[in-house]
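Below is one structure; the comments refer to it alone.
Chains: A, B, C and D, in written order; residue numbering restarts at 1 for each.
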Amino acid sequence: MTAGHTTGHSSESVPGPVPGPARPLTMAGVSKSFGSVHALVEADFELAAGEVHGLVGGNGAGKTTLMNVLYGLYRPDSGEIRVDGREAHIRSPRDAIEHGIGMVHQHLLQVSTYSVVENVVLGTGKDAGGLRDAARRITELSDQFGLAVDPRARTDRLSVGARQRVEILKVLYRGARILILDEPTSSLTPQEVDDLFASLRGIVAEGTSVVFISHKVREVMAICGRISVMRDGRRLTTVHRSETDATGLASLMVGELAAEQSSDVAAALGLAAVGEVVPEEPAAPVPARAGGPARLTVSDLVVPSDQGVAAVRGVDLAVRAGEVLGVAGVAGNGQVELAEALAGVRPAQSGSVRVDGTDLVGRQTRHWLTAGVAYVPEDRHRDGILGAASVTDNLLLGAQRSSAYRRGGLIDWRRVREHARTTIETYSIKTPGPDAPAGNLSGGNIQRLVLARAFDREPTVLVLQNPTRGLDLRSAQFVYDRVHEARDRGCAVVLISEDLDELSLLADRMVVLYSGEVVGERARGDYDAYELGRLMAGVREDA
Amino acid sequence: MSAPVLTEPDALAPARPSMAARVIRGVLPYVLALVLAFVVAGIVIAALGYDPIEAFRTILTTSFKTGFGFTETLTKWVPLTLLALGFTIPLAVGRFNIGGEGQLLVGATAAAGVGIVYADLPSAVLLPMVIVAGVLAGVVWAGIAALLMGRFHVNEILSTVLLNFVSFQVLDYAATEVWSDPAAGVAATQGVGEGAELPTIGGPPGVHAGLLLAGAVALATILVTRRTSAGFELRAAGTNPRAAAINGIRVERVAVIALIVGGALGGLAGALEVSGVHGRAIEGMQTNFLLLGIIIGLIARGSAVWVPVVAFGIAILEVGASSMQRTVGVPAEMVLIIEALILIFLLLSDVIAGRLARRVA
Amino acid sequence: MNEFAVLAQLTVVAMVPYLLASLGTMLGGLAGVFSVSQEGVMLLGASVGFLVSYGTGSSTVGILVAAAVGALFGFALGWATTALRLDQFVVGLALFFAATGLAGLLYRIVIGQTATTPLVDTLPRVEIPLLKDIPLLGTALFSHNVLVYFAALVTVGLWFFLYRTRAGLNLRSVGENPKAADSLGIPVVRTRLWTTAVGGALMGVAGAFLPLVYTGTFTEGIVGGRGWLAIALTFFGGWRPQYIAAGALFFATMDVVALRAEVSGIDIPSQVLLVIPYVATLVVMVFAFRWARVPEFLGKNYDRESRTG
Amino acid sequence: GSDGGDSGDSGGGGGSGSGDAPRIAAVFSGTTTDADYTFLGLEALQAAEEDHGAEVTYSESVQVPDAERVLREYVADGYNVVWTHGSQFYDATVAVAEEAPDVVFIAEQDTEPADVPENVWVLDRNFHLAFYPLGVLAAAASESGNIAYLGGVTLPFSYSEVHAVEQALEDSGSDATFTPVWTGDFNDPTKAQQFASQLLADGNDVVLTSLNLGAVGAFEAVGDAAPGVLMTAKYTDKSNLSADHYLTSVLYDFSVMLDEILTSIEDGETGGYLGMSYEQGISLQTPQNVDQAVIDEVNGIVEQLASGEIEVERDVTPVE
C-alpha cells in the first residue's frame, strides 16, 4: 500500500501480491472455545485482493474472535490460515504484522500516558532516531486520510473519537496488505466516517484488502463489496452488495426481523438519513408528555475535566417528566463531564443540579442514587461493570444497602440470586449463568445488564451516554424500547449521543453541546442535519 | 500499583455442586503439589547428605507428636491468621498492607505498656485494656499510612514498609529506655502484670485464650466479607473502582477503612503475643509473621474462608521445618530453602488445577 | 578533607546499594513485574560476591558472578510469572526465602565454621584525575570505588535508554498496557524476562557491594532490610531512574546526617535519630513526590486471551 | 519425661554418648559459621563432647519466640542438659525448666537473677568486668583524647559496659572524651561501618566495639585510618580484620564454663550461679600496636580485677 513505510514484513517471507486467483487470505475450519463458550465453530473466511469485505453479525457472533485469531491474539483450537496461498503460522501479533496484516481493534489499545506519536511508533523499527520524522509522517497521513489529530498530544487527553483515529493511524503508519477494522466507526461522526471511507477507497485501490466490521448496515452497504455474515461462531453466508438490500442484510445479520419493523429499526440500521426519520406516530404528543413540571433542572453548571480545566461551562437545562432531552455534539466537547456531573459521579465546580427541586450538587454519589438518578455510562466495560465479578454481583451493585436485599442486617443472597435470575430472564441477558463473570459477556449483554440495574432503581432521572454504541440491531432496539418505557413512566431522560440517527429517533428536544456550552436548541423535527452539523462544529446561532 | 483482583469465587454460591466434591477438587492439586515439593526438596536434602525421610517425618509430625508441638502450632496460627487477614482485607480493595510487622510491634508495645503501667489492676479490667491498647496502636500505625494514602496519594506500600522500620525503633525505645528489663538479655520490656495475661485453655501446656479471639475474628471476617453490604462494597471497590464509584461506593474511603482494619488486626496480633505468649514485648517477636501472612493471604486468594486453613498448614510447616535441624541436623538455611520449594509448588498447584480443569472441559 | 567532603563521600557510598537495587526493581517493574525478593537476592549477591572474590582473589569475578546469580533469580521471577503466570508476590517471596537460605548455605559449604572471619580486600578507591581536584565536591564525588561510578553510569544509561530510545519506549509500554504492546508485536514475555533478569543482576551487584565495600566479608545480617527499603525507594522515585537516584541520595543523606548527629554526642535518644531517614522520606513524599505514579500494569500478569483479568 | 523413642539420629555435632554420659542440647541465636559468639558455643560443645563423652546437638538461628518450643522438643527427646547460648533465651529457659525438673538447664544472663529454679545454671557474662580494662587501655592508647564506644542495641549490659569504661577512665585519671553510640543492631556490619567511619572522621582514635557480626564492618572502616587509630573487639580474636589497627579483644571461653558446670552436675549439683570473670572464661587478648608499657599496665589491671582488688560497679542506668 501507499501509506506508511512497510516496516513489518521482509520480502522473502512475504512475496508481493500474487496475481490471478490466489486469495491473499483464506481461513478454514477455525474453531475456538473459551471454556464452555464456543466462540468459533469451524468458521471459514476468504478475502480477495483489493476488496473491502464486510464482516457482520450480532453481538457475540464471533467476528472479533475470528479476526483476533487471524491477528495472532487468540490461538485457535483448530483451523488453518493461508496468506497468499501459503499456510501461515500466526502465533502472535508480531507474526501477523510480518505477514502484512494490520488490525484496528474494537477496544482502544493505547498506552494512555504516551503521546499520539509514541503510541503510533510503538514496536516499529529500532531506529533510535527522534520522533520528529514520525510525527511528520503522522501529520501527512492525517492530512491524506482526513484523520485530524495532534501527534504531540497525550493520548489520555484526547476524545474517544480522536483516540479512535489514532488507532487507524497506527495501522496506516505500519502499512499493511490486509487491513482489519473492527468497528472502527463506532466513535466517529458521520463526516469522519465519510472521510474514512474515502481513505479506504484509496487504500484498496493500491491493492490492499480490507476487512470491515460494523453493525451499521448503511456503512456496510456503502463501502463493502462482498459481505460475510456470521452467526453463532460460523460464517453463515457471503453475499455481494448487489445481491441484497439493507433489509435483507439486516435479516441475515440478526435473523429474520419481524414485519413490524419500525422506524426505530430503520434508524438503528442507519438506513435513514438524518432528519428524515419522522416518527410514524409523531402524535405521541410531545407537549402533553412534557407538560409536567421540570424534574431535572440544571443551572449554570460548570464541571472540570480530569485535568482540572472547565469542560462544561455554564450549562442550563430543564427536563420534564416524560421528556427525552437529546444532547448532540462531537465527542470531546464535554459530554463525558456533563454526563458524569448529571449522574453525581463527578463533582461540579459550581452551579446546581436539581432533581424534583432538590439541589444535589456537592452530595455523595449514593445520595444521587437515592434521589432517583440512574446513569448508563458510555464505556460500559470500564465504568459499567465489575468485570471479574459475577452477573449476580453486578446486578446487586448499588443496591447492596437496599432493604429489599437485606435480612437481619445481612445480605439475603437467596433473594439476590432469585432477583438476578428473573432479571436475566426479563432482560434476556445471554450468560452461561448468574455466576459467570460479567466481563465475559458480549457488549450487548453487558449493556442489558447495565440497563437492568439502572431500571431496577425505578429512576426519576435517567442519564444515558452513547447507549447503543457497538450494539447489534436487536440490542439497540432493546435499548430504545427501554428508553421509551422509562419516558412513558414519567422519567426525565437525558440522552447524550454522537449518533444523530439515534437522537432524531428518541429525543423530544435536542441541544447541541460545543466546547462545553450549549450552543443551540431544537425541538423535535425542527432542524436538518446540516444545520445541526454547523452547530456541532461550533458555528454560533447568532453568527 | 493496582492489585490483582481477588474475588471470592464461591462467595455468592453457597449451594452449588456437592461440598465434598468441591473440596476434593480444590484440595487434590494442593496435595499433588505438596508431594512434588517434598520429592524435589527430598532430593536436595539427600544430596546434601541428610536423611530426607526423617526430615519429612519431622515436618509432618512435629505438630502432632507431642502436646506442646500442637500447642506451638496453634500459638503460631494466631498471629499468622491475623496478619494474613490484615493483609487480605485491604488487598480486596487493591491496597497492599505491607505494614503488618510494624502494626504488630506497635500493638505489642502499647499492650505491654498498658500491662506494665497498670500491672496491679485485676484481669477483668486490665486484659481488655491491654488488648484494646494493642488494637488502637495498630489502628494508629495503619492510620498514618491510610491518611497519607487517602489524603496525599502516597503509595501505601512505600508508607507501610517505611513505618515498619520506624516501629522497630519504637519498640526498641520502649524496651530499652522506658520499660527496660535489665534481666531480659535482649531488648525487651518488663513483664506485664498478671492481670494482663490471657488464661490458657486446655493443656498443659495449653494454648492462650487469644486463640478463641483470633478464631472469632476469622469468623467475623468471613461473615462480613460474604454477607454484609460493607463486605460487598469492599469487593466491588477492589474489582472495579470506577464502576463501584459510579454506583455510589466511596472507594477511597472503603480503602482507607480497610487499611485501618488491617492495622487493627496487626495490633491485635501484637497484643495477643504479649498477653498470651511472651508476657512482654520483645525485639524480634515479629519473626517472619508478616511475610508468611502475606503468603498465606495470597495462597488463600484473599478468601477469608481459606486464610485460617492455609495459616494452619503454614504453621505446621514452620514448626516442623524448624525442627528438622534438631532431628536430622540440616543446617538452618536449608529450612528456608525447603519452605521456598514448598511455596513454589503450592503455587504450581494452581497451574496443575487449571490444566486439569481444561482437560475436563 | 573537611567535614562536608567526608559526609558527602559517605553519603555517595551509602546511596549506591539502594540505588542499584531500586533501579533493578524499577526495570522489571516498568515491564510490569513487581519483585519483592530484593532482600534475598541482595543477600545472595553479597554471599556469592564475597565467596567468589575470596576463592578467586578477584573482586571483578566476584561482582560478575553475583550479577549472574541475581540475574538467574530475576529470570526465575520473570519466567514463573509469564510462562506459568504464578502470582508475582508469592513467587517473589518464595525466591526471597530461597535466596536467603542459599546465601547462608553457600557460605557454610565454602567457609564453614571458623574461628576467624575470612576476609577479602575491599574495592580500592579510583580517583578521577582533574575532577577530583574540584573544590568541595571533588573528593566527595570523584574518589570512589568502581561500583560507585558503575551505579552512576547505570542511572544515566537507564534514563537514556528508557526515555530517549525506541527500545525504551517499547519496554515501558509493556508495563503500561501489555495488551497494546502485544498487539503491536512487542514481545511482552521476552521483555519481562530480560528486564527481570537485568534487574536481578543489579540487585545482585547491590548485594555484592556490601561485603566488597563495607565489610570485606559476608555476614548473615549484612543486608539488614536494605532490600525492603529499595522497594520503598522505588516508589519514592516514581519508577523513574533520575528520581530514584534523587530519592536514594535524599535517603542516604538523611541516614548519614542522623549518624552524624548521634556520633557528635547529641542528647537525643538514638532511636529517634535512627528513624529520621524513614520519617523524612514519608514527609517528603507528602509534599514533593505526589506526582509519582506507578506503571499501570505493575504486578499484573498478562494473559493474551483473557478479558477479565 | 517422654523419651522420644527415636534415639538413633542426632543433629548437629552428632556423636553418641554411652551409659550416663550427658546428652547436651544447645540453642544458638546465630549460625555456627559466624566466627563469633555462636562459634564459641560450638567450640564449647565440642570440648564437652571430647572431655565428658557427651552426646551433643544444637539448633542454630533460633528466634526468641521459637525458643520455648525448641527447648521442649529437646526435653522430650531426652536430653538431660540443655544450654541456651545467649541471654535473650533466659525467660524461655526458666519457663521450660520449671516444667522439666529432671533436666538441667544452662542459661546466660548479665545479672544475678532472683527466683532461679533449682535445675538452672545461670552464667553471668559480666561484660562490665570485661570492659573495664578496655577503658584503661583506651586511655593509655589514645593520642587525641577522643574515645568512642560502638554498641548495637541500648541494652542494660551495654550501658554497664559504657559505665565500666567511664569508671576506668576516671580511675586512671584520664580526661579523655568518651562518646558512646549505638547502631541499633548488633549484626548489621554496614551500619557499623558507617558509624565507625563517622566516629573516626570525628577525631576518635580508639573505638571500643561491642557488636557481634557488626564488628566486621567497624573494622573495615578503620582499615584506611591513619596509623595509631585503634579498635577493640569482643568475644573472639579479630586481629585478622585489621592487623594495623587492632588493639585487643576481650575473649570469651564458654568451654571452661561448660566444663565446670558438667563437672558440678557429675557431682550432683543441678543448678547455681556462675559469674564469668578474668579468672574464669574471660581473658584479655594481648594488646597489639601499643607499647609494652601499656601492655604491662593493662595486664596489671587484669590481675587486680581477677584478684578482686579492683571492683567494677555493674551500673545499668541508661547513658544520656
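Operating definition for what follows: a residue touches a chain if its C-beta (ideal position, glycine included) is under 8 Å from a C-beta of that chain, and two chains touch if they have at least 3 such contacts.
Chain identities (UniProt): A = Nucleoside ABC transporter ATP-binding protein; B, C = Nucleoside ABC transporter membrane protein.
Treat the numbers as computed from the prediction; the structure is a model and nothing was measured.
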Minimum number of chain-to-chain contact steps, subunit A to subunit D: 2
Contact-richer chain pair (by C-beta pairs counted) among A-C and C-D: C-D
Approximate Å spacing (C-alpha centroids) for the pair subunit A, subunit C: 45
Whole-Å separation of chain centres (CA-atom averages), subunit B against subunit D: 35
Interchain centroid distance [CA atoms averaged], subunit B/subunit C, Å: 28
Interface hub residues of subunit A, defined as touching at least two other chains: 387-388
Set of subunit C residues in contact with two or more other chains: 104, 108, 271, 274, 296, 309
Multi-chain contact residues (two or more partners), subunit B: 5, 169, 172, 176-177, 331-333
Which chain pairs touch, all of them: A-B, A-C, B-C, B-D, C-D
Interfacial residue positions of subunit C with respect to subunit D in the complex: 3, 6, 10, 14, 17, 104, 107-108, 111-119, 122, 210, 214-217, 219-222, 224, 226, 255-256, 259-260, 262-265, 267, 270-271, 274
Of all residues in subunit C, those that touch subunit A in their complex: 164-167, 169-170, 172-173, 176-177, 179-187, 296, 304-305, 307-309
List of subunit B residues in touch with subunit D within their complex: 51, 54, 62, 66, 68-69, 72, 168-169, 172, 176-177, 180, 182-188, 204-205, 273, 277-278, 282-285, 287, 319, 322-323, 325-333
Residue ranges of subunit C in contact with subunit B within the complex: 34, 80, 84-87, 89-91, 93-98, 100-105, 108, 225, 228-229, 231-232, 235-236, 269, 271-272, 274-275, 278-279, 281-282, 285-286, 290, 292, 294-301, 309
Residue ranges of subunit B touching subunit C (in the complex, touch as defined): 1-5, 148, 152-155, 157-159, 161-166, 169-170, 172-173, 176-177, 291, 294-295, 298-299, 331-337, 339-341, 343-344, 347-348, 350-351
